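Chain IDs A, B, C, D, E and F follow the sequence of writing; residue 1 opens each chain.
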């Protein structure tokens, strides 16, 4: 099994903020570095917390397509839970390069994703799936090869805890708010939400900082103390600039 | 301070499922009895859990008007949090006899209601307010005299944890789902959601059961054992019917 | 409404470890003082935590009669939940001076006690009821006048979360273990379990300590420092003994 | 190290509901599929939640043998915790094909299983062990090669949080109720409890559904939409039947 | 029993930032209003969350004196828990007008305050006590008449969960950080920490806002809509200024 | 990548209680065995709970060097969070053979360790890092090759939840207390704290018990029952001694 991070230029093209150049940069940038740049601009609440990647090594980059579940209620499950429900319509409609982000209120006691819908998302070219609920058929989902972040596995079907409700609205997921069109990036550290209007600025600043931090890390690995180096004082910064210019 | 449970027949009349007769019956019926009847019909997930009444003795009966907050996100609070936001619009628009039900995701770390909005709801003839978040100015709110159920007091303003987002959609509150138009009933035992289509059936069955249970309670108070009496066997039921017919 | 702490010498006499003298002493001793004496003898895990008294001023003293609920399971509720079930049999069988202690696994999402069973327990001369689950009809239960400790009110019937299972076995309640025959004492600080074999020793030691602490409290109230006085040094102890002998 | 799922036909034969044929079918059926069939029959509370497999690839199938721990209490640990206690007796008595299911109240702060008892269970032909508490010597247990599901590792001995109490009674584990004789099935999605009387019906229905779902998954993988296919409309079903009959 | 909020000008005078004028203003200002002003200046994490007042009507104003407990560890309790320990030294040393703020890590399973120490704090002129742990002898503490905020009552002595460790250092309490010398204000909405350097600015701004909000509340009570009034538009503000000048 | 457990005899030698002999013995002893010996001496609260190893196979042995973070507070982060703060000073000062133990109050919502500081600790010869908070750059930290135990990964920088405050004082971590100089041992079962004064006694007793338990495990693996063997009766013990003497 190999986990591919799908490129955005395929069929069903999503005409959003995620250009091929931006996509490539985001693939190359750790979520931790993006998080730091968001914080520098006053954005501290941009992480989807409590979710773990099904494949630790699969980088996730895409545009949010939202799906909302409401708490299980027997009468509403009868009217809205069966047949071609909101969940299934959302997976049929997902566009190439999108990440389906699911509001499940942190409730892990049922599966908010199964293997058939994961296969469908993959076939549509979706970039990944993030849910703050559980997933079922987790071994089968892992075999599909699409990046998935969730609260963990649970064998029960959706209706044990949820009613599939609507899609395409602003939702809550993992303690933050996600809007359709937000840029979603995930790696082993977690999942972050980037407002599309500042994505270029954020990723460029993060890449520049990564270069600097990698140089600092190398100096620390050589035995230099943190003091004066992290953050860099004038002497270290001069040396950094000098070496970088070579 | 006296806590009034407003009658529905006032200004701003809400033309919903809550007739004056149904309203009067619901006022007279314990939430516990309504809950038992919902369960008999397969509805087990109809309680708004984790909320407590600000005034323990205030019965709450009304029609749900929903309001949704999403998790605090600095950029969205700038765009949606200030001025005449979704929260304020909802309180200006509440109709006589309605209960404002707020989705706050169980987050109690800020106030989702303050005294000025409580005064506005009361002035509009609202029947009450239910939030699964915190409230601020709790002493001032208590003085307004409108039934309020919440997760407790917190001094911070809304924006510490929430962005006011939208109103009039189906929401989650206290672990259940609430739709605009659902009937909301609260007392010291908690808050329950009744689908309007079955409200008459539920309340009639609950009142009948209350009469029966009160008779059983009186017999138990006289020293009779539970066995055969609760539930009633044929002998006891015969005696119950006989006495009731007098 | 007045809350009586029933005296043990009535009908249905329980021939247990709780003599009238021990009962009177326990009524006069704060739970905090009993807890300290248990700890001095190496017993640190004797409190039923997370429960609150329905009437803050009602002292509870009695002998444990245990009742166990297991998690709700639809098939087992059909076979064991209805009719004259284990819960109802336990309330019919409770003896004068006993405290019904219920294992509800800390699950507060349904009522593990209703008003009719509370009336029955009171009619049988039970000393009180302790449950680490919810209670329903809480206003009606409060009117019965029997001390009740619980996790709070919930309107749903038992079967939403529990199946009534068995009685008279060793159970878990509020994080500790309770055996039938254990002595249960509750007040505003909480509920404690005392092994009957050491109850006399514990209460005598606690009462002696109370006398000493009350004398210390009076001295501290007069402006004396804690140093040397709490615990008492030789000088203070000499003065304490002298005054006590007068 | 290889993890064997022991076949039931060995020594110490358990004369229960788990025939060799049923055992083989359950081995071949995902827990998620069994869960869906239980739900179709109104059984929604049959999962042991919060436990994780020590070896993700080890399928677990067996008959429940129950063991109950009560909360740690110093006096009861002295009387019941040491020597040949209830825990040790249960492991010596486990029969071939049984799964030891332990009630540990979700308390993960000590080990409810160590390597010596795991070796004993394996030597007796037990099919596995499920505990909603912690395990200690987790690397050594993993080396034994018996399927184990738990809340995770903790180095402390049992007595830090528990007193081993009794065996062979109905217990709570992971939020559901387990009876001796229930059928236990586990895989990467979780652990499920199946009442023995309906096990044949459940597994047959699940296997039939698996076949259907696998066919649907293949069609979705070919690029077909969910709409009309999952669940299947008349056209798809006709094609499914046609292909299956070949 | 009357609950006094002690005036700061008594014996043992604390020469801190809390002048009599500032003290009087803080007594007159709701915690909710102070919280809003802190947030306006970028301070969002200043509340001690999860604590409740023992006397709902007692306003708390004072200067923080800190006390830190570390988790119970048997060897350290032997060396540091008994005799004239850090807790007792802190209560003997508290100055007039100070609030003892205790770090108990949110652990409510023992008493971090008992009646004798509460009496001592009161005798020293302390303004109050805030702990994010439990309290024991809660009825006796309530009778002392000093404002106390805690996580609730628990009968056990301190050593069940804590070792008293040190005082006068920066601590964590209820999710925020408290430094010796910080200004502490509590009421029914909760407890807030104000850095002394900005206390005058904060309270003056809060009082001005209170006046404005009270005027707005009166207008809303008269039936005016929120729109344009809360926050005030130019017309309403002109009217407000005009009336205030009269 | 290979994970080394650094030997203590290098540069920056820490002159503590951890001799080379003791270090070697601790490397050879499971944490579970050490925990059992501490309990035998009345020490039940010595585990750092809720932390997981980044590399499951890396044994951790070293001497505690403590670091304390306090809850995020905007004003204090400005004064103490930036530049060469307490966290950075602690990593520059760590000595060979030490384990940096971080108090993060169990708050996992930010990184309390990043790759550059992990590299610095490794370069200084530190034995490992234990934090009851999150870590960021977790893949990069894993590549450093120093044992790390944490609550999991989070992409945010420290300041989202913490202010780095002080070092070298007694702290709380994972529910226990850690003093500078305590011996820290970790493996797949968890992390334990050993008071240095009893470390030799503890490890010798644990090693002796390991030998005995390994012999018992072998006998159980041969099919012998637990009864009489675990714990050993006189017959088994005689045979054990006899074989050991050969």
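Everything below uses one rule, namely that a contact is a pair of C-beta atoms (placed from the backbone, for glycine too) under 8 Å apart; a residue touches a chain by one contact, two chains touch by 3 or more.
Heads up on the chains, UniProt names are A, B, C, D, E, F = Putative 4-hydroxy-4-methyl-2-oxoglutarate aldolase.
A quick note: this is a predicted structure, and the numbers were derived from the prediction, not measured.
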Legend entry - For subunit B and subunit C, chains touching each: E
Inset, instruction - Give me the chains shared as neighbours by subunit B and subunit E. - result: C
Inset, instruction - For B-C, find its twin among A-B, B-E or C-D: the pair where over half of the contact pairs carry the same residue numbers. - result: B-E
Legend entry - Relative to subunit A, chain with the most remote C-alpha centre: C
Legend entry - Pair joined by the larger number of C-beta contacts - E-F, A-F: A-F
Legend entry - Centroid spacing, where centroids are CA-atom means, of subunit D and subunit F in whole angstrom: 33
Legend entry - Between subunit C and subunit A, distance of the C-alpha-averaged centres to the nearest whole Å: 51
Inset, instruction - Return the residues of subunit F touching two or more other chains; collapse runs of consecutive numbers into ranges. - result: 44
Legend entry - Those chain pairs that satisfy the touch definition: A-B, A-D, A-F, B-C, B-E, C-D, C-E, D-F, E-F
Inset, instruction - Show which residues of subunit E lie in contact with subunit B when the two form their complex. - result: 30-32, 34-36, 39, 44, 47, 49, 187-190, 192, 213, 216-217, 220-223, 225-228, 230-231
Inset, instruction - Give every residue of subunit D touching subunit F within the complex, in rising order. - result: 83-84, 88-89, 91-92, 109, 111, 114-117, 119-120, 123, 136-140, 153-157, 159-160
Legend entry - subunit F partner contacts - residues on subunit E that touch it in the complex: 42-46, 70-76, 105, 163, 165-166, 169-172, 175-177, 179, 195
